[in-house]
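Both complexes below contain chain A, partnered by chain B and then by chain C.
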Partner chain A sequence: MDQEPVIVTRELRKVYGKISVIDGLNLEVPRGSICGLLGRNGAGKTTLLKMFVGLTRPTSGEGRIFGLRIDRSAERIEIRQSAAFVSEDKMFPGTATVAEIIQFTRAFYPRWRSDLAEEYLRTFDLSLNTHAGKLSKGARCRLALLLAMARGADLLLLDEPTAGLDPAIAEQSLQALVSLAGQQEITVLFASHQIAEVEQIADRVCMIEKGRVVLNDSLDELKSSYRRVQFVFESKPPAAAFENAHEDGRTLSLLVKRNPDEVVARGTSMGAQSVDVAPVTLKDIFLEHMNGAGK
Partner chain B sequence: MSPSNTMVWYKAWTDTRRYFRLGAMILIAMVVGMYMSYPGEPDKEFPHGAIALSVEQVRSLPHDARSYIWLHWFGNTLVVWLPFLAVALASAGMPPPGGAAASGAIYTLSMPVSRRKLASVRIVLGIIEMAVAALVSSLLVCAAAPLVGQAFSVRESLVHALLAIAGIVSFYGVLVFLSTTVGELHKAVLGAALLFLYGMLTFLANGFRRFSMLRLMTGDMYFLRGEIPWGGICASVGVALVMVWLSLLIIERRDY
Partner chain C sequence: MFWKPSAGSGVPIYLQLMEQVKHAVETGALRSGEQLPGIRKMAEDLVINPNTVAKAYRELEHEGVIELRQGFGAFVTKNGAAAESRERRRMQNAQVVVKGAADHLAALGLDEQQMRRLFETEMTRLRESSGREK
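Right, the complex of A and B next:
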């Protein structure tokens, strides 16, 4: 198996005027992984995905997909032959029907899976004769996923793939995505604000803030290495006992990476009456990093 | 042609077909309307003016069916309506500077095909559609003339239609450039302003009449003296090529 990462960026930068939307971003996404891209609004997720498919050109730095450079026109076309991009808005030319849009997309992808397209048409309840301009937001989203998943791409770049879907269809879509990725060793990089969704299907998580990667690790590694430590003191906790700790009355809680024993011992020595060490959710880790990055 | 190339053309067709159909239908209806209102005595109801000619020039024309049909169709209706089709075709499906997502352009641009090819096909198809609309309606002018007991030369009709196309390409090129550089509202306003400017140059300033795209489109030199206005054709096509080249440069370099 080729172990070279599918996506590699080195000091990638995108500047609009005086604003750095992507600011020296370094990222690697291994082949076959499902990577959730998390970040606040304006963190640079959409710009990053657009740069990967050549819709936006990097200002400086290097980015490679399948070893192909994202700043070279000819190589960008090659990237798009192996990758599928679902944009945040999921808009299609309004004058074309669903059938015409499928026909158009299929022509560019020799590995198009007609069987999957037909299956998703049924699952997603899409009518071939409907004009794209008359599709609801949810239907556009379902069509976008169909087009991305049926084209036989090796890489799926999805920007908010389930935004606008009802929970049942969102669940179906995610299951279809996981199933496809499992069968064909597809690499998936998807931006989402739905942390639960990322936790459900991703095996890697990348968090970006202000155009930089603040965390990039496997989900299992993250969840096993972080712990929430909570101390309860007899009275107000000692001032500045721990950096980045959250104080609530007599309670002090903090997120600890790796070995929590040292922190527990320190809290106990400060007079904590009780100590609780608990596993954390991805949301806890996300909030901790976003709050930390925002400071 | 590979399936993907075929689809690039097909996609351009789906983007523009409703404007083409509507434009062609309007032009055909105008031909039908011209013959339905054809006067029993053309001499008495002869037109008083034309876009490319002065009132004196119109008066001096032989008051026959050839002059009547040319003044009505090639000297007026076709020249007035073709620019509206150009406005619609220049904006449909082109990736605009803003609102690219709303137009579905992001989806199209994420396909494995170069922006240059997508835009070029779209631009060329627009010219083909204008040409087909102009040629079909102009040939209908010849075909329907016997219904009112008259005749109009097919050759003459084809030359006039081709001159109309040669004239409209410069305007189309400018519109394509506008559609890639300004937003939708601005595009409409600027398109209308350009039409108005051309009209002003034609009607109000005699000295500028020879520079008018509308005059080239009417083919008055060919009608009056049998001369092909090669200078005007070259200028119009040259303007179109420069505008299209600039548009392609912008489209290739823009971030979406």
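Right, the complex of A and C next:
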């Protein structure tokens, strides 16, 4: 049972009008992992997270959270007890104070952690008496994170959790998140445009494009298997001999997954004068996949 | 003693952390029998994933540098410290070779990026030739 992934989807699809926002998406997120969800604007990240907590329903396909089906209303209620969702907009009723919002929220969750809520109030620099309408964008983000992280959820679904936070507060939020992950077993799926923060705290990365998963792997695995190989030839490079190679004058560069040696040997046998092999960052891998999908 | 790993470097964070621990043992910042920070503390201090810290610790245990005692934490082993001091001498000797090469390349006007790439290419060549022998 413990090995069963927390999130599983099979051919999940969400159609708005004629547009498939989620287009046959297959995803698994293992228990206890912190998974960064990367994709361009409109790739379907927010729709996906919303579907997981029942804020929008799949058109077809299957999705399970802790084995519970996201398309059945009775099971959705159970999912919402164990999964916390922090949306991108983070709206609160303007006339309520921070204290009232916290009291209101905790009433729904028997596993509420008052100790953590107090700790986050301090680290996130939130004051109990402030009216939500007076909170800055950054403060609303911090309050939303506090509510999600203090409720004792086993799964956190975060949509751009640090968007609008200054770098110091963003780092504190990430620190609170890894600290929570160190204390209790939680699974985190967070959508982000901050590739650096995904690289910093995620152990898995999922990239989606046009509603489909284009990559889903362990971050360490990605970093150890991908290499950038660049060849320089005497004349026009044999670009057709390599998949997804970028040709620029007499140079040919390509991102290689696994076995750069084989590619290097092939380039050398085709008369490459010079060969460079360099490690790649997550950003390189991201751009490569997004460019590939855009072709 | 430990600093935040560089996320964008292309080197997996657990490997960077392993290097830091080994370096701490090599330099004597951590001695035989001394305790490393707990997984949660280390994850919090460096703002990295606790699973990543756990992975680095497991690998270090596998290499015999540290010992994980259930419920007590991670400690530098005697062998680890001794091995690291042998390793340190070996690395000091190797460092001289690399320093000579780096100085030479710098004198030829190569920048850091170029040297790195050359080194990486040589590593690939080594892997390739050892692959052929098998």
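Convention: the second predicted complex is superposed on the first by the 285 of 295 C-alpha atoms of A that agree within 3 Å, B and C clash if a C-alpha of one lies under 4 Å from a C-alpha of the other, contacts with A are read in each partner's own complex, and residues count from 1 in each chain.
Criterion: a contact is a pair of C-beta atoms (placed from the backbone, for glycine too) under 8 Å apart; a residue touches a chain by one contact, two chains touch by 3 or more.
Note that the structure is a prediction, hence the values are computed from the model and not measured.
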First (chain B), second (chain C), both or neither touched by A:128: neither
Chain B versus chain C as contact partner of A:219, first or second or both or neither: second
Partner chain(s) touched by A:19 [first = chain B, second = chain C, both, neither]: neither
First (chain B), second (chain C), both or neither touched by A:78: first
Chain B versus chain C as contact partner of A:182, first or second or both or neither: second
Complex contacts: residues of chain C adjacent to chain A: 7-15, 39-40, 43-44, 47-52, 55, 116-118, 120-121, 123-125, 127-128, 131
Contacting residues of chain A [partner chain B, same complex]: 50, 53, 55-57, 73, 77-78, 80-81, 85, 87-89, 91-96, 100-101, 103-105, 107-108, 132, 144
Sites on chain B touched by chain A in the complex: 3-4, 6-7, 10-11, 14-15, 17-18, 92-93, 101-104, 106-114, 252-253, 255-256
List of chain A residues in touch with chain C within their complex: 32-34, 171, 174-175, 178-179, 181-183, 196-197, 199-203, 219-220, 223-224, 227, 260-261, 264-265, 275-283
